[in-house]
Amino acid sequence: MSELDLGAATGLHRRTVRGSLSPARLWRHTGVRRLVILAGLAAIWQVAALWQNNPLLFPTFTDTALAFIEAARSEGMLWSALASVFVLLKGYAIAIVLALVLVSGAVAIPFVRDVLQTLTAMFNPLPAIALLPLAMMWLGLGEKALLLVLVHSVLWPFALAALSGFEQVPETQRLVGRNYGLRGPSYVVRILLPAALPSILSGLKIGWAFAWRTLIAAELVFGVSSSQGGLGWFIYRSRNELLTDRVFAGLACVILIGLVVEMVIFRFIERRTVLRWGLQR
Amino acid sequence: MSELDLGAATGLHRRTVRGSLSPARLWRHTGVRRLVILAGLAAIWQVAALWQNNPLLFPTFTDTALAFIEAARSEGMLWSALASVFVLLKGYAIAIVLALVLVSGAVAIPFVRDVLQTLTAMFNPLPAIALLPLAMMWLGLGEKALLLVLVHSVLWPFALAALSGFEQVPETQRLVGRNYGLRGPSYVVRILLPAALPSILSGLKIGWAFAWRTLIAAELVFGVSSSQGGLGWFIYRSRNELLTDRVFAGLACVILIGLVVEMVIFRFIERRTVLRWGLQR
Amino acid sequence: EGTIRIVEQFGTLYTPFHVMKEQKLVEKHGKALGLDIKVEWAKLSGGSAVNDALLSGNVDVAGAGIGPFLTLWDRTRGTAQEVKIIGALGAQPNYLVTNNPNVKTIKDFTKADKIALPAVGVSVQARVLQIAAQQAFGPGKEKQLDDITITLPHPDATAALLSGSTEITAHLSNAPFQDQALADPKIHKVLSSYDVLGGPVTPTFVYSTVRFKAENPKTYKAFFDAFREATAWVDTHKSEAAAIYVKAEKSKLDPAFVEKVLSDPDVKYTLTPLGSQKFANFLADIKAIKTRPASWKDYTFDDLHNDQGS
Amino acid sequence: MSVSASPAPTFAPAAAAATVPPALEARRLTLDYTTDAGTVRAVDSVDLTVAEGERLVLLGPSGCGKSTILKALAGFIPATSGSILVRGKPVTGPGPDRLVVFQEFDQLLPWKTVRDNVAFPLRVARKVSRAEANARAEAALARVGLTRALDAFPHALSGGMKQRAAIARALAADPDVLLMDEPFAALDALTRRQLQEDLLALAEELKFTLVFVTHAIDEAVLIGTSLHLLSPHPGRTLATRDTAHFGLADVGSPAFESLTREVHGLLFDKAAHV
Amino acid sequence: MSVSASPAPTFAPAAAAATVPPALEARRLTLDYTTDAGTVRAVDSVDLTVAEGERLVLLGPSGCGKSTILKALAGFIPATSGSILVRGKPVTGPGPDRLVVFQEFDQLLPWKTVRDNVAFPLRVARKVSRAEANARAEAALARVGLTRALDAFPHALSGGMKQRAAIARALAADPDVLLMDEPFAALDALTRRQLQEDLLALAEELKFTLVFVTHAIDEAVLIGTSLHLLSPHPGRTLATRDTAHFGLADVGSPAFESLTREVHGLLFDKAAHV
């Protein structure tokens, strides 16, 4: 009984592992391994940049780090990043919800699925530039247009991943859900979503990345109607002033946010869900 | 026996269905449903454009169709498209192979997996603009730099999808493969790849779409010495000259290619594999 | 009446706009006309985006290069959306700069050179180079150099040129990038757009729709007066203007450097279009626009018709 | 009971039982699978009737269509021809009135602990509170000997433990009709006998109607009130037998043994395995 | 026989068999699963020896660790302590010399037809041509009665058909050591008896070594040359029995029945189900 007493001891157990300090144990800790990898990459960067000796195109890691600190201190780069993150999260959330609604419709109604697959095949390859005129015409120059572009960049790939995940749910688990009388949204939420969680998570990661790519590209065109701009605008401005170390600092900020989201949020969700449930190794 | 004679009769059976012409039967044919959906979308487009009455921002479907024919005839738009497709396929193929190698390494060696996950979390959110200085410095401004950007845009999302697919392969199937002595590449090719095919296909679709997005965006920056240039350049040029109907014609070309790839190639693969194997509904 | 939405882009040429913003000049002139004007400023990058904003009715007044303007004017002529120039943002040369010591004139370029410019074939810079090629190699040879041009945004092109480690050996540039490049002794000027177009050129214009002016005459007048005042002020207060620029753009550039850029003897802050008609004629020659304007006044509001434009 | 259609209630108005339609009824039920390559007939014109509180056992060789019939009764597979009636009404789809214990090991929801899996149908039905659902789940799991695995996730269970959890889930939900597909196949003799006893006791107590698939003939005779024997693929009715009079006390008795032998003979003596 | 170690070969140097190391040997084998919440001991200090050509049957209640032992012998689970030797050499991982028939229904590869699934290990081993592999696959499938499903994909098979295909796959591959985990649990009585007979005949013919898990005690006595009884979770050795002298002809004989009853008693009489 005590050996199988799963769940309860989890927190305690982890804390024990964390307490010890032997190198082998430390190495087993994901965070530690990641730090080592990051340090390695930083070292490679530094050496490559020193060797190229071309700070206008490729500043060193240390220069970038200094520019980062400087920009964070005096330029409010972190506030710009925060502003970007807010807009991004808004667009991301809208896209995810919309995609889940569409995909739920698609698994329930074959015609909706045809429509969704057609729309995805059509719109997914379109670059943001294609949407600009329409976004401006219908939504003006503000955040709404930016959100449209963001939603476009996240919606289709996430819908593809989610639909594929839903369609891979093992037959028996579908039958179990329907056997208990689950239908419509509650069937999706209580059966398909958890069963397809590995694919959903991979779709969420891909969507997250593309939201960033698009936001940074789109902030150059949009969304600076008000006083400040986001991180994309910071990068663009630095680039226009040939402050390459600041451009890299802005990109490093994107990278850091990406790492935090991946290592803290997504890892946490994975450990708590798909890994714990044996749905993913 | 005859009832279970799977496989052999497939082709014949389909042809029979295709031969008949009752509306209900026709409707059951995916191609027909798709055509109806496309016609509906075209009609919506036409009405919306007529209602907006702003041809410089939003040309009608018919104007776009005329511009398409005109551009295909006298502007060599289709040749531009072909040129784009070739470059795109090159970058796409490199990225897919690279991703599969990395992901195979990641499933075999935990440390490689850490590295891959870290790299993906770091680089996936970076927009193509971030690579520009490095691409110029190391690869010049020709096709190679364009390929670098393409590979970047496909590699990370596809690696994410493939890794997630590999990690979802049911334990028993893994054990069966290893039981027969499969290891390394042959284990990946003969067990993981087919077992993870639904996720791989969704990753391929996402990668395909993003290759297009990136190609069109990147042709504005790279490799366009004025003589040639692909579809992206055609779109950009038309946009600069405010020939909006031609911009839309160029985008329609992207859409058509996307539809063909989805409905002909991907559908075909799916019907022959994951649907037939019961891995996906 | 009472609201005006203005869209600007990035660069030192937009300094009059910063001054208008900083000193609330539009509001001031509005009050003089008995009008409380609400001014909204937006910032976009790229002439296409600016034109889209104007066409979609999201802005009333736009600032963009002569190329995007003439294209838009050509496409909207005779429609409800017809656009005309309110005024130029100032005369400023575009330099062709190179780090290849062998290049003295554009005839010296070889296949080994690459000339960076924004949007091969269609940008202002590309047109200037084509006109220069026509002058250098003869009629019909305007595309002589197109094969060695390459599309690259100004910042990247400047960085590439300065670093000297890429194939880019020349750049048809813009302020302040050309000034930054020329600060490096390895880089020299090959030609100026002033040479090509035979005198000062105003490369960037502020324009609006005919309808906006007709429907909002007072607001328009307030803007025009403010614009004129700001432009005159910048032309005479270079160092204060530089400070305003640095502040407004949160620029990291040295204010002294900005002042130097603004004070370049070739630079003149004026509303009067200069060199634009030659440009329009060239576009008409190569059929990039359908209408050949009889005079620069065809595409300019009548407030400036008494000026010595070209 | 014969192979022909059971008497419909309207034709026997005088009989007391006739006013109550049977809990489950299939008339000339034919079931096909559509595959890539055409149609596979799995079940061919099978009639069966299960009155309220009765226990019908399906017996037949591997691949003869037992699981298919069960899935059709549950409402998952539409009849190609013929009809399925639940309390006299045609089946339109699955529902919690007919709970299924599937043959597959992966029928537990991987994202729920064993306790939550068992409590799940109760929670979905919203008939009881969370605490009550958990209490009932724990009681059902104790019955199948899984108390030590309450908080485990399904992937950490052995095959037999998974099946036991699925059985507990169905029993805890207190359904009108229970459809069980070889539920005891993966269990050891002792557990199997215990669960057989439990099932019979519960059937007496809760009066649910049961359709049960098994390969063990003695289990069939013990569990069922009637047996339905199927021919090899495609499944057709071979014979039916009334076994209501056999109880736990009769196991091993001469009558029991002779019926077992008879059924074995019916199923296999003339069966030509392809 | 007690829970202590079985006599290791080194203690009996005089015996002729001692020069040939046993095909499979486990010494004080302890197996743990590491989960989210800590370690679960599944198997505790089990010793077993299977000589070349012998057939060891593992018997024990559900969840006692039979499948775990099998997976460890196959090389999938490392020993927490103790050791596993194949022909005297420590096991380092899985290999085609020890083919496994798993307990799960999803062990067929979904992307291969039944024929290709069965031919797969032969193709991987590269010992035979494609035509030869297919011929052997078809022969093995005919033996388990699956000729009609040669070209079907696994998802279109019934549970028992999947298990039969998996059995055919293992038999066709002609392994040195065969590890079978309740292979006949989903089969009807006739098919089961046929496959028991086939398995015994093949074992005589091909002289493979077999480790076999079952819940049916009579099947255990019939198939095995020795039985290994395990206690409930965590699995410890309860007893071992030599059953080499029982053949098909003895089924139902008094000696057979008495051993069956004895084993039942050993397994369950004092077994305290949690």
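Residue numbering begins at 1 within each chain, and the chains themselves are lettered A, B, C, D and E in the order written.
Keep in mind that, in the parts below, a contact is a pair of C-beta atoms (placed from the backbone, for glycine too) under 8 Å apart; a residue touches a chain by one contact, two chains touch by 3 or more.
Every value quoted in this text rests on a predicted model; they were computed, and no experiment measured them.
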Length of the shortest touching-chain route, chain C through to chain D: 2
Chain pair with the greatest number of C-beta contact pairs: A-B
Most distant chain from chain E, judged by the mean position of its C-alpha atoms: C
Copies chain A and chain B touch via same or different residues, half shared test: same
Centre-to-centre distance between chain C and chain B (centres being mean Cα positions), rounded to whole Å: 39
Centre-to-centre distance between chain B and chain A (centres being mean Cα positions), rounded to whole Å: 21
Separation of mean Cα positions, chain D and chain A [Å, integer]: 47
Set of chain B residues in contact with two or more other chains: 1, 4-8, 54, 57, 133, 136-137, 171, 239, 276, 278-279
In chain C, residues with contacts to at least two other chains: 52, 55-56, 156, 159-160, 163, 165-166
Interface hub residues of chain D, defined as touching at least two other chains: 35, 37, 40, 104, 106, 147-148, 151-152, 155-156, 274
Residue numbers on chain A that touch chain C, as the complex places them: 52, 54, 56-57, 75, 132-133, 136-137, 140-141, 220-222, 224-225, 229, 236-244, 246
Residues of chain D defined as touching chain E within the complex: 33, 35, 37, 40, 60-63, 67, 103-106, 145, 147-148, 151-152, 156-161, 164, 182, 185-192, 194, 215-217, 233, 264, 267-268, 271, 273-274
Residues of chain C defined as touching chain A within the complex: 7, 10, 40-46, 49, 52-53, 55-59, 154-156, 158-160, 162-163, 165-166, 177, 180, 249-253
In the complex with chain A, residue positions of chain D that touch it: 71, 74, 76, 93-96, 98-100, 102, 104, 106-107, 109-111, 113, 120-121, 124-125, 147-149, 151-156
Chain C residues touching chain B - in the complex, by the definition given at the top: 47-48, 51-52, 55-56, 67-68, 71-72, 75-76, 81, 114, 119-123, 143, 146-153, 156, 159-160, 163, 165-168, 288
